Amino acid sequence: MNNDINNKDIVKINEIDKAQSNCAVVGIYGHPHAALMTYYMLHSLQHRGQEATGITTFYKKDDTTWYYASHRRNGLVMDTFSNPALFTDKLVGTMAIGHNRYATTGSAIDSNISPLNMRYKSGILALSHNGNLSNTHTLRSQLENEGAIFHTTTDSELFLHLTARSKKTSQIEQIREALTYTKGAYSLAILTQEGLVACRDPHGVRPLSIGKVKVDGHYAYCVASETCAFDMIDAEEIRTVKHNEMIVINDNTLVTGEILSYKIEPETPIAKHCIFEYIYFSRPDSRIFGHNVDKVRRKLGKNLAEEFPTELANTDPEKQKVRVISVPDSGNTAALGYARANQKENKIETAYEIGLIRSHYVGRTFIQSGQDNREFKVKSKFNTVKGVIDGWDIVVVDDSIVRGTTSKALIKLIKNAKPNQLHLRITSPPIKFPCHYGMDFPSKKELIANDYDNEKEIGDALGVDSLHYLSKEKLLEAVSHEEGIDYCTACFTGEYPIELESELES
Amino acid sequence: MNNDINNKDIVKINEIDKAQSNCAVVGIYGHPHAALMTYYMLHSLQHRGQEATGITTFYKKDDTTWYYASHRRNGLVMDTFSNPALFTDKLVGTMAIGHNRYATTGSAIDSNISPLNMRYKSGILALSHNGNLSNTHTLRSQLENEGAIFHTTTDSELFLHLTARSKKTSQIEQIREALTYTKGAYSLAILTQEGLVACRDPHGVRPLSIGKVKVDGHYAYCVASETCAFDMIDAEEIRTVKHNEMIVINDNTLVTGEILSYKIEPETPIAKHCIFEYIYFSRPDSRIFGHNVDKVRRKLGKNLAEEFPTELANTDPEKQKVRVISVPDSGNTAALGYARANQKENKIETAYEIGLIRSHYVGRTFIQSGQDNREFKVKSKFNTVKGVIDGWDIVVVDDSIVRGTTSKALIKLIKNAKPNQLHLRITSPPIKFPCHYGMDFPSKKELIANDYDNEKEIGDALGVDSLHYLSKEKLLEAVSHEEGIDYCTACFTGEYPIELESELES
Amino acid sequence: MNNDINNKDIVKINEIDKAQSNCAVVGIYGHPHAALMTYYMLHSLQHRGQEATGITTFYKKDDTTWYYASHRRNGLVMDTFSNPALFTDKLVGTMAIGHNRYATTGSAIDSNISPLNMRYKSGILALSHNGNLSNTHTLRSQLENEGAIFHTTTDSELFLHLTARSKKTSQIEQIREALTYTKGAYSLAILTQEGLVACRDPHGVRPLSIGKVKVDGHYAYCVASETCAFDMIDAEEIRTVKHNEMIVINDNTLVTGEILSYKIEPETPIAKHCIFEYIYFSRPDSRIFGHNVDKVRRKLGKNLAEEFPTELANTDPEKQKVRVISVPDSGNTAALGYARANQKENKIETAYEIGLIRSHYVGRTFIQSGQDNREFKVKSKFNTVKGVIDGWDIVVVDDSIVRGTTSKALIKLIKNAKPNQLHLRITSPPIKFPCHYGMDFPSKKELIANDYDNEKEIGDALGVDSLHYLSKEKLLEAVSHEEGIDYCTACFTGEYPIELESELES
Amino acid sequence: MNNDINNKDIVKINEIDKAQSNCAVVGIYGHPHAALMTYYMLHSLQHRGQEATGITTFYKKDDTTWYYASHRRNGLVMDTFSNPALFTDKLVGTMAIGHNRYATTGSAIDSNISPLNMRYKSGILALSHNGNLSNTHTLRSQLENEGAIFHTTTDSELFLHLTARSKKTSQIEQIREALTYTKGAYSLAILTQEGLVACRDPHGVRPLSIGKVKVDGHYAYCVASETCAFDMIDAEEIRTVKHNEMIVINDNTLVTGEILSYKIEPETPIAKHCIFEYIYFSRPDSRIFGHNVDKVRRKLGKNLAEEFPTELANTDPEKQKVRVISVPDSGNTAALGYARANQKENKIETAYEIGLIRSHYVGRTFIQSGQDNREFKVKSKFNTVKGVIDGWDIVVVDDSIVRGTTSKALIKLIKNAKPNQLHLRITSPPIKFPCHYGMDFPSKKELIANDYDNEKEIGDALGVDSLHYLSKEKLLEAVSHEEGIDYCTACFTGEYPIELESELES
């Protein structure tokens, strides 16, 4: 189309991204095809960010001569890196990091695409960031007053300036110093001339795991937001980066297997893992925070059935069975869990069925015109299997409701296939508060749960025969509980575990 | 990348596509947003062809002044038509046809992209074709000897030349005359200045349905290879185009609802519907040949369980349940059918589970390099849910095996997740013969079923504990049987219902 | 910009280019870098056509296996062929033809870009055409009635259909037969499997020369519209293709140097060389029709000075010298001729000066907005050297005036530099009639010479102190006169030497 | 071609452009079509830089809300700004600056394309720079040690960091402070929220002029490297920015016409205007440093004829006249001056002739392959008019010889046209030293004048019958001499008027 102009082209002064989002970060060290492995990992984490993607590699010619190369574009991983020559001619080197950027409402200027790279007094450094800082405005003002020039509208750039200003001579020490200033949620992968650095903020809000993959007789080491990235390159998970931990993988690691580990804050606080990563964001075939996502989701479905079973209402003797369908693919496992538990625990005859088909070809460029856009968008993504729904009692299991617009369109679509009754079950509590640590939720007033007094009213608005959300208690029951580990449930409760700047609170 | 050069750029003389393929055809008449509706329908039929896509519209200024516009490109529907101005400024008019082209091994020169358009003595005509002619070489030689210049390497262009050479003055009569010469499989949507023409060959090998959609107080009429295209634009199915039938929708149809119908051959032969459309090619939420695809697939799974049940082998008392997983998404319904029947009919404890996750972001541009390509391709598309598979008796239900290479890689992937036993069940008989009517199968010697004596040997080659194909009898039992309707099963039996040229037989 | 849509996208039925134009044709045979040489020749003939360009090569694998490759695009030669891989990987073979297309008011659909290529019963054939047929409508109707499908809106495609319909078996004989039907102006370069064919119509309106270039110890043979193309590749001119002559260069030519020659019509008419090629269209460093363009232009300037000298009018004793400036670069040589003759023959003190600077960077995409477009276009192309003009008596020498709009803007620009007097001298008679043989002149009513009674009135309209055109007699005196050779001066006189269809006469 | 990869993609750490080059800077304030006027000015200054171009505009919504927009690309002005919507939808605002970047041997990473824009504590600022700083490494190291992150490899970015670090609150005062640190050659146009700032370094090496243009009843004010930019938009020159002067144009200027003026250094040194701007770089229709370029060049030709006349050597009585030809277009005026003086002052019969034709279509993408590239490059740009040269005594007048490779190829080309004798005259002294103030000359050892002992030897190497360079004395005689104004002739003498860093001296 028109590549020269888009609505992001005119930049307002002092604009900072208010609603940055959850992303994917990956990195690898000591692999002869570092960029290609990074590409594979980014592809497997495409669900964590579809707006933009990028890879940066470092190449060391000799002790004093380093080169870097970076390829960053708006678009999907496969499209951005479709030219094989990128891997042979440009993105050379045995260490690389990558990033997928989620579509946000903020500014999409090109310089925002990660990894962010800098050349500075100590050489080169590249950084991928997942999460959101909560003292962005404070730090930015302070740095600008000292003469810093910001080239992006992201909070991620703060890490660069803080590192560049450190008086330490080691890059790793510079980063450690920088992290003493930043507050909020961040999982980082950083390329330095001293090695691959990875860390999770003191509360460890976002996931990040460490893996290793055998190549040419030794192990290369990698990090990724979710372990499905490791499956893609036949790497095995070693462990997660811990909350409040910064690790370093360097040439010594390749020989000895030893991974350096530093504390960010002297006292490690209780972890506050984002529980929404389990509910919706991560892939079911991943492990995050050290646990299988799939198993948690199955449990969410089971707990939901226990809390809110669906009884048979059909008077047609041919159709006396509750049919549970999921919103593919995020709801599949939970729907299966719900169906089994509704049948087994609640003794209600229940069948898991495939009533919604999801298109494999939906991207973000679908044209809408002249008609109800939301409806067409839903139709371009889903279609019903009429024979499965027509005349039956249907339970739809979905993971969450945010604005409610997509749910509304989806319910309408399903009702066109004429179910006898239509029940909606949600495997999380009502979302009532924005996320300031990376999840792309809108403001309070755009959240449908704040528009109505109770779930009955929301159900009526959506047009279902019944609607039930999983309770916070049953939600927490589904996840692992270990020493020092807790969960951030701020989007349901408004209790933010990390202090916010006043700009964010309003 | 390098748009100037690809391996299709150098054209050999007298080359004709030998392996054209199944495609999508759609058309609409009498709709103020004809091109946009065509775009929506093409999007919903993306699975029928991802290599190229195109739309042609006709615009009548006055009785003697017609314009046409055509937009055709390699690539997906959403990418090709991502510029909204295409619909407002270029593809104007109330009648349109569209086409999705399947990736083939043949020539991909740009002029091959459909719809094919021609300006000729009687004005303008555009044509979309699904299927393959079986007397291509004979007709082409004959026409070339008379001075015809072919601009494509497709058999579809034959329809144009035959129409242009007819001495009839009406475009519809010209087409009717042309169809007396063509043999083989064809479902066509043709735009003429006299109306929208649609037809299916005398044996009706490929599907084509007629629908209508209310707009501005009247009905617009549409045709599409599958009815899921109608769902997308809120159209309702009227009926299928019958085998040996050519229909015409024109201005009179808009007023009276009357659809003109002509016979192609005086005597209508027994229909030979492609049974593989049910097994794999069509979407489960579609109706084709007047029947629900989803229901047929459920029956295929059921019949397969009856023929080849899977017994429990696990000695771990915790895991004594057969787990059925599908290859998503084409195998989903059949797997559900298999699981239910294995449990109910065969009295073997069986659970349908989600053990394979399919990526939403796989296109055709995935880079493979340095490593086993097939394996990476499979990994970029699928990942296992380890907890579902590890230690269990697993039955994988898939629709078919062609070359066997993908199956091999998939089985390897699943075995990495360590099932106790791994059984493979296929909802169709072994494919042993190429299709000459549009399905993109390779030559006999590339089909894995021809490499081994029996399914035991194939199963061993794939590395499963057991492999069973559905029998032809049980396959035919799953589909509808009406007066005058039979099925083409040539890919299983080698019995081709329509005579082939000698070139094809060899 | 917006590559998907332009104003040529919607095609009207039965549209044929009415105003095709003068172009460049080139060809080469027997050269290991045939496409590269063709590219160089096309670059040197860029002035003959800047809208589109293309090259087709043939590659013979063995006696029965031929391939062809073609690269054709809108744009300049250098931009279209900027990818070196085109020459190594795509445009292979030792024979090639090329074409530059002039910007016209007609249809610019992509399929119109030459060379036109066809695969037909006898194999492959590619054709480049310079000129315009005068029986286009008659031939096209006749062929369409016989079932021909036209894929372009050019008259050039007629050659293809006539050739494909010939019952002869030799391609050369087919072309000879085709040429018995075509009337009008055509210089052709045609690639066949039997050799490189070149010809000029019976009146030889457009130029075409034959050259040879040593490579690897033998001679390769080439043809081009102007000999400056030969200079570019170090080829030497052998002779012109004669009017009414068709020549063939084949493998035998490479060995013996013998070029086959055929007559097109049995009786060769008097040649009617386009005199405007000398006046404006060809490059001054070229030979056309066997003569130096530069020498003719010098003579035109001299004759013009003799007919219409410019006397000194300046009263400032410091500035008593007539200053002659040209409109660069087409007027340079004529201006020098005028200045010398005005000084020497007319005994008037006269100095050739550089008063107008031409920008090297003007293409066809200059944006105009809000202001007088024509003026900005002229300003983007020319600027005055104020010190040369201010206060002096200035004579501007230009080659011709068509619509007069550019002249008007140019005169205004020069007057801004404040000459004492400003005189305009034109090295051709007034253009009063359109060209039907290839020159891109507008209709009668758009030609400024038809708006006024005499040159005095035109000069007043342009705002000069005097305006004089060269007389037709003095024009003809400047060109060579040989046995059987005459000139087409129809644009000045309306006497068209080749009969026109009634469509064109109106 | 391959947009993803080029040889500039891999960046070396601590790389700084060593060979930045002369460029074009323009700016305008108070014009409703500021970006469009900037575009026109940039187009007219295309000769000052063809590698990249850019425009930045500021738009003030209200006192506290400013927006900026910037469009910067590699390529020509016309191609980069070919989309008209850029001017209506993106580059809005009444103030704008622009920049053309010359092709250099340094790094062409995208972030280097000017104008450089920054958002910083005081708002927004954009900067275009012509020239080269001579204390780049010193300043850069110092700033990096303080934590500055550089995003380009240009010296121009230093102005941004120095400005951002100033503790002053006014942008103009910040810039003034920044200029106390920078040494070297710089002509700047800077957009601030306080007005358009322009300045020339204390020695005023590069030109910069101020103009005004009437629009909507008032004057808008503009600055440009050469006055031909003003001609393009009908602006008139007011005066030059003086050496050591910084001017400000703001809203008050629009009302009162008053232009603020500041000194950069308290004591203004003698100006050191680049004399090569007169010899070659500027357009002949421009005024620079307050003088007509054309007049200087004419004088250079005259002085050269006086110093080194060419006598007649031809023994053919028909051809007894010296013919002077120029290398178009830079040598045209000087050749005319030479011819006149050789005839008049030296009493040798001499004719100015057009013996070389320059192609209008030469860009930077010409393909060279398999043969002598330099020769083909020259041929693609020039061709001889054989009749003008063959058998005559020819004097070629050119402005300068740098490496000598182009001259060698050109002389060979001319000799192919068989002159009786061939003499070369250069309107400048031998270039023996690199320029550190912006002219793109190579290192000492690549300059042909350093390879030989005297001009006789250089002439022999080039293959001419005689070669003479203008002396430095005669060169300086041709330019204006005013109080406080001198010239930089370092490329001829090695006497650099502004102190260099040690890096540059070696």
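Letters A, B, C and D mark the chains as written, and numbering starts fresh at 1 in each.
Here is the rule we go by: contacts are C-beta pairs under 8 Å (C-beta built on N, C-alpha and C of every residue); 3 or more make two chains touch, one makes a residue touch a chain.
Worth saying up front: this structure is predicted, and the values here are computed from it rather than measured.
Between chain B and chain C, the least number of touching-chain steps is 1. Ranked by how far their CA centres sit from the centre of chain D, the chains are topped by B. Repeating the B-C interface with over half of its contact pairs identical by residue number, the matching pair from A-B, A-D or C-D is A-D.
The centroid of the Cα atoms in chain A and the matching centroid in chain C are 62 Å apart.
Computed from the mean C-alpha positions, the centre of chain A lies at a distance of 35 Å from the centre of chain B. If you average the CA atoms of chain A and of chain D, the two centres end up 51 Å from each other.
Under the contact definition stated at the top, the residues of chain C that touch 2 or more other chains are 1-2, 4, 83. On chain C, the positions that touch chain D within their shared complex are 1, 33, 36, 39-40, 43-44, 46-47, 50, 76-79, 81-84, 87, 228, 231-232, 283-285, 292, 294-295, 328-329, 332-333, 336, 352-354, 357-363, 365-367, 369-370, 376, 379-380, 383-388. Residues of chain D that touch chain A in their complex: 2, 4-5, 9-14, 59, 65-69, 71, 83, 85-86, 89-90, 92, 118-121, 123-124, 141, 144-151, 160-161, 164-166.
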